[in-house]
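Same chain, two partners: chain A is paired with chain B first, then with chain C.
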Partner chain A sequence: MAVNYIYPEQEIVRNYDRCIACRACERQCANEAHEYLPEQKKMTSDDAKCVSCHRCVSICPTRALKIVRTDHDFRKNGSWDKKNIYEVYKQAETGGVLLSSMGNPLDFPIYWDKILLNASQVTNPSIDPLREPMETRVFLGAKSQDVTRGADGKIIPKTTPQLELSLPVMFSAMSYGSISYNAHESLARAATELGIYYNTGEGGLHEDFYVYGANTIVQVASGRFGVHREYLDAAAGVEIKMGQGAKPGIGGHLPGKKVGADVSRTRMIPMGTDAISPAPHHDIYSIEDLRQLVFSLKEATAYKKPVIVKIAAVHNVAAIASGIARSGADIVSIDGFRGGTGAAPTRIRDNVGIPVEMALAAVDKRLRDEGIRDRVSVVAAGSIRNAADVVKAVALGADAVYIGTAALLALGCHLCRTCNVGKCNWGIATQQPDLVKRLNPDVGYRRLVNLMTAWKHEIEEMMGGMGINSIESLKGNRLMLRGVGLNEKELSILGIGHAGE
Partner chain B sequence: MTEITEGRCRIPSGCAISGIFSRSGKRFSGEAVTDSISVMHERSNGLGGGFAAYGIYPEHKDRYALHLFHNDQDARQRCEAFIEDNFEVVAASTIPTSRVPAITGEPLIWRYFAVPRKDKIAAMHVDEREFVAQCTFDINKNFEGSFVFSSGKNMGVFKAVGYPEDVAAFYRLSDYEGYCFTAHGRYPTNTPGWWGGAHPFSLLDTTVVHNGEISSYDANRRSIEMYGYQCTLQTDTEVITYITDYLTRKKGLTYEEVCDVVAAPFWSEIKKMPEEQAELFKYYRTVFAPYLITGPFSVLVGFEGGMMALNDRLKLRSMVAATKDDMVYAASEEAAIRVIQPELDRIWAPSGGECVIARLYPDAMARLKEGKL
Partner chain C sequence: MAVTLNAKALGYQPLNDAVRAATGDIEITECFGERFIAASATADKKLLIHGVPGNALGCYMDGASVVVDGNAQDAVGDTMNDGEIIIHGRAGDALGYAMRGGSIYVKGDSGYRTGIHMKQYLDKRPVIVVGGCTGSFLGEYMAGGLLIVLSLGSGDEADVGRFTGTGMHGGRMFIRSKNPPRDVPEQVVYRRAEADDIASIAPQLSRFSELFGADKELLLTSVYWLLEPNSTNPYTQMYTNN
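Entry: the complex of A and B
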């Protein structure tokens, strides 16, 4: 028998006093971690198959199960921790690139948690959102302040195309293919009810969802999957994906086993083939090429839809964003290194890119220094976890944020980070019909609406505390932020003072 | 001890404001506005007072009246070299003052009637007013120890650290006659204010006196600084002045439109408007969103031929307006109006975001332009 170098990361703990051997866990686990032993009339489990998605834990009628992190460990070593050792074992065994899902999980600083908000007192009243209007509506798009007047002297209230959001949050790009039909339906319906937008990602738009087009942003990525006339026509806005925070420098990757008939038709690729997007757009090798694609898409949509350019937060993000602002894009979206993904090489995910807080602050400052901040809206993405992160992002300078992981969590995701395997027990990151149907879009969309409604209330509470009753007065209002435990350099890049200053 | 003054930190203030305007262009002395503001003594704490007066220099109507504080003679000489370089100075003198025991620590206070040099303007490729504005920024930012606190034509700002009535006596405000005066008494929360930090704050002929503390400050500041303005004082008044100047002088908005931008109605109100009007407000709130001002404020904006009074859209600061014949009054308290004009045709508390604008009657405006007011 071959030697197995890997001890499972988690252990399935079953309380046999509670277990009634109903076999629900067995039926629910697509990874086949649970098994019924007929002779002994009891359940058993294989820890090695468990991905820690907690599906069994959540459905167990007697609460007999829990998943714990194993205490099995190596001799303590400051340099060689378990993660590094196991990765060597895996690669020695397979000769392959390690794949992972979701955002960078490593212990890098989370600047959101080192920034604190202000509140009004004495000289300036706080505003009670339960009793006074509190406005969270934002418009995304270029804002030309050149006033034109008609012959009668009246201002002609004409703007370039804008996306109107009831609160500064959108659901970020997650492709049909990487996530399920029901997940897409939930996102689309929630965005419509909330008056915000969801993003198709690079996998095309299923024909059933054209009806939600007014709240849909369609993506054009380097693979050009599913891009055609009707696709562009259906949308409210078009996003060019230049980069992704989880994997800057490389293209999207959808494993062939997730490409069934529907996904194949929507993406316009053969069934069962890996959909691997080229690392760059092969018609964009420089900024002037990007400009051409921006205007090609504008031509194709009769200048009626804003064009978003999504980039990964990398070292020269400020210069890139400035170039994009000058390239005719209406919105630039910055995806930080903690941004999620359905599949990315582990090494890239864990080592490439920079925190979105820093990237956002740098981009906002650069655009202002160059006097072109009004030419584009800025959307921040990549691990926006709660309403406070939203408020802090807006105060740093974002017009709005994208959320991906938080939206999936609302749908039931437990962050087991194995989306690439395609066996999502929660019916989200899978295309297996039996699994997909576990996510009921009626429930899923409601949970998304609930989450956003809750965040909106919290945003309003925090704004009211600051004496601000309209979100535009929070945008870029860095005086409302103070850092704690940050060094001078970090504070200067974030453009905020330290607590006590 | 480090001196904590404007520009080094942000100092919140409470305040009193008052303004008097003659629509027929009748010129009156600075006494009335002094009487008015001094009624509200309790609303200031002696750490800042000031006045803006319009129509006071008809004999110099085509020259910019630059009022400057200089810390010492060295600073004055350095700064004057710059002024001479860029302007033809027709008259330069100290501004007449009287000794008032309560006013101490005065800097050198100078006034220059000056005309920008044409070749300098041409070299900068801007119009005359922009040139003067840029020279003002240049001095305030780069000339240590000198500060321009007034830079318009046929108008002037007079301000100091002290109670407004003492400031008026100090500057002999009753010697000046104009068609409009605004006044301010300041109640900063901390530190002896600096003379430059007193209100009114001004740029060209736009002056602002303000009561409140705006919560949108840094959003406003960071936006306006993109367009050639430098907020060196970190005060609300400064940023409100620049926003007003930007929207009117550079974007061509009327003062009524400025009100609609900075104190825009709530979306819930916009929804109820007729479509055409709603579209316009949606436009303002989209394109000029960075200039929405939130948090409490009542402001009086003075400009050539007019005065605008405006409250924040929730009306978080008191302000009363009144008229009597051709006279228009606005003040933090009704008492401040009644004390100078007990009989009024109309007196009301403008609602939040309601724009109150007094303008010279057309014939008076024409006379103002001719210097015959």
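Entry: the complex of A and C
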């Protein structure tokens, strides 16, 4: 037998005083980590199969289970930690490219946590959102540059199509294929009830969800999966995917084994064939080429829908965003390096891109400096975790944010980061029917609505504290931000003062 | 109701607005590079274009028919779903990008990346027939459909550039040529087309002859190379879950 170099990352701890051997954990674990021993009439577990998704822990009726991080470790070594050693073992064993899920988990600085908000004291009194009106509604799209009047002196409206959001948060692109039917239904229904938008990702739109079209953003990526006239017509907006924060410069590859009947129909490819979406659009080599795709989509939708261009936050993001603003796009979406994914090569996810806080600040400044900030709305994505992150993003210059991971957490995700395996015990990142049905869309959509309702209240509280009653007055209002523990360079890129200044 | 639109006088957006509003026979005169003509147009439109339509002619087109009496530019039939585009001249790069249905017939040559990302699904099976030669990366990432290159007017040897079928993982490609294609990746197999293979594309060859007056007998009796993905050697990268 070959020697196994890898010791499991987590250990399943079972309290046998509490375990009644009901076998619920065994039935619930798609990874088959639990097993009943009939002769001994007791349960046993295999730590190596556990992905730490906590499904068994959550459903155990006697609270007999917990999952702990193993304390088994190598000799302390500042240079070679366990992660790096194990990755070498895995590659030496298989010869494969390491594949991971969800956002970059490494210990990079999180600038949201080094930025503090202002509040009113004595002068410019704060506002109590419980008894005074607060405006959290935003409109995404190009804003009119000037006013034109007719001969009668009346303003001739020339507003281009806008997306109206009840609060500055949308659900970010997650394709049908990477997440389940029930997850999509939960997102679509929640977006509709909340008056915001969800995003199909690049896997097409399931025919059952056309009814939610008024709150749907459809995506067009290099592979053009599921893109056709009715798909474009169904949506409120169209997003061109140029890049993704979790894997800048890398395309998508849905393996044939995940392309079952339903995914096949939605992507419009035969069952079992690989869905390859290469990183580049093969007709785009310049901003002028991008402009062509933007306008081809506008022509195809008779100029009735705003076009979003989504890019990953990379080194020259400000210059790229400036080009996008000039391409005719209505909205630019910037996805930071912590953004999630259903699957990405580990090396790319963990080493490519820049933090969205820096990217957002740089883009907003660049667009202002060039006098074209009003030509586009800016959406920040990739690591927005709570209402305070939203407020800070808006104050740094975002018109709105996209949330992906937070929305999945609301649906029950426990961030075990094994979406790529397709055995999500919570029914989210899987196409296995028995697992998908564990996510009840009636419950899922309600949890998403709850989360957003709570965030809206918190956003209003924070705005009120600053004496601001409209989100528009917060946008790009960096005077409301102060850094703590940041150096001069970081402060200057973020365009904020240090606490005490 | 038949309408005639002067592209030069209108400019591309008003021209396309007028095309959107019209049904039936639509004749466009003095076309000099106006883009996106017939974008997402449906079966109630029949367009005849005099001149050279600009990029992305018939993008997302969904059933209309388009005839161009001259050359066309890049990205003809981008993500086209249904209908027919007939070009009595040459076409530019990325002809039929991610085309999902319908057919495109080009009398002359086409540019780079012809048929890139072509797909198919159930009865949706797009067809591209190029009468002349093509640029490199013919059928790149091809995932379905039928792509035929006739190389007429260039002797018996097709010039389709280099890297034919790179990334191809579905569909069928026929190249009329004495010599086999070059630089075909190991994930694509090619062989001389047999009689029943050629019989399978007879309807498309007949249509081409009928449209452009080509010698149908010659087309049916020529040597073709048939390229298909090699399922034993798929484009998969070995991954290790981490």
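Here is the rule we use: the second predicted complex is superposed on the first by the 499 of 501 C-alpha atoms of A that agree within 3 Å, B and C clash if a C-alpha of one lies under 4 Å from a C-alpha of the other, contacts with A are read in each partner's own complex, and residues count from 1 in each chain.
Convention: a residue touches a chain if its C-beta (ideal position, glycine included) is under 8 Å from a C-beta of that chain, and two chains touch if they have at least 3 such contacts.
Just so it is clear, the structure is predicted and the values come from calculations on it, not from any experiment.
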Now for A:373: first (chain B), second (chain C), both, or neither, which partner does it touch?
first
Report for A:249: first if it touches chain B alone, second if chain C alone, otherwise both or neither.
neither
Looking at the overlay, what does A:472 touch: chain B (first), chain C (second), both, or neither?
first
Pick one for A:418: touches chain B only (first), chain C only (second), both, or neither.
second
Quick check for you: in the superposed arrangement, does A:300 touch first (chain B), second (chain C), both or neither?
second
After lining up the shared chain so the two structures overlap, which partner does A:270 touch, if you call chain B first and chain C second: first, second, both or neither?
second
Contacts of A:433 with chain B and chain C, given as first, second, both or neither
neither
Can A:109 be said to touch chain B (first), chain C (second), both, or neither?
neither
Could you say whether A:223 touches chain B, chain C, both of them, or neither, answering first, second, both or neither?
second
Enumerate the contact residues on chain A facing chain B in the complex.
120, 122-125, 127, 132-133, 135, 137, 139, 141, 143-145, 147, 149, 155, 157-159, 162, 368, 371, 373-374, 466-470, 472-480
Touching residues on chain A, where the partner in the complex is chain C
87, 90-91, 93-100, 222-224, 227-229, 232, 253, 255, 264-265, 268-270, 273-274, 276, 278, 282-283, 292, 295-296, 299-302, 345-346, 418, 420-421
Touch list for chain C against partner chain A, complex
16, 20, 35-36, 39-40, 42, 55-56, 59-60, 62, 74-75, 78-79, 81, 93-94, 97-98, 100, 113, 116-117, 119-121, 124, 140-141, 143-144, 167, 169-170, 234-242
Under the definition above, what is the set of chain B residues touching chain A in their complex?
10, 12-14, 189, 212-213, 215-220, 222-223, 225-227, 251-253, 257, 264, 266-268, 279-280, 282-283, 285-290, 292-296, 313-314, 316
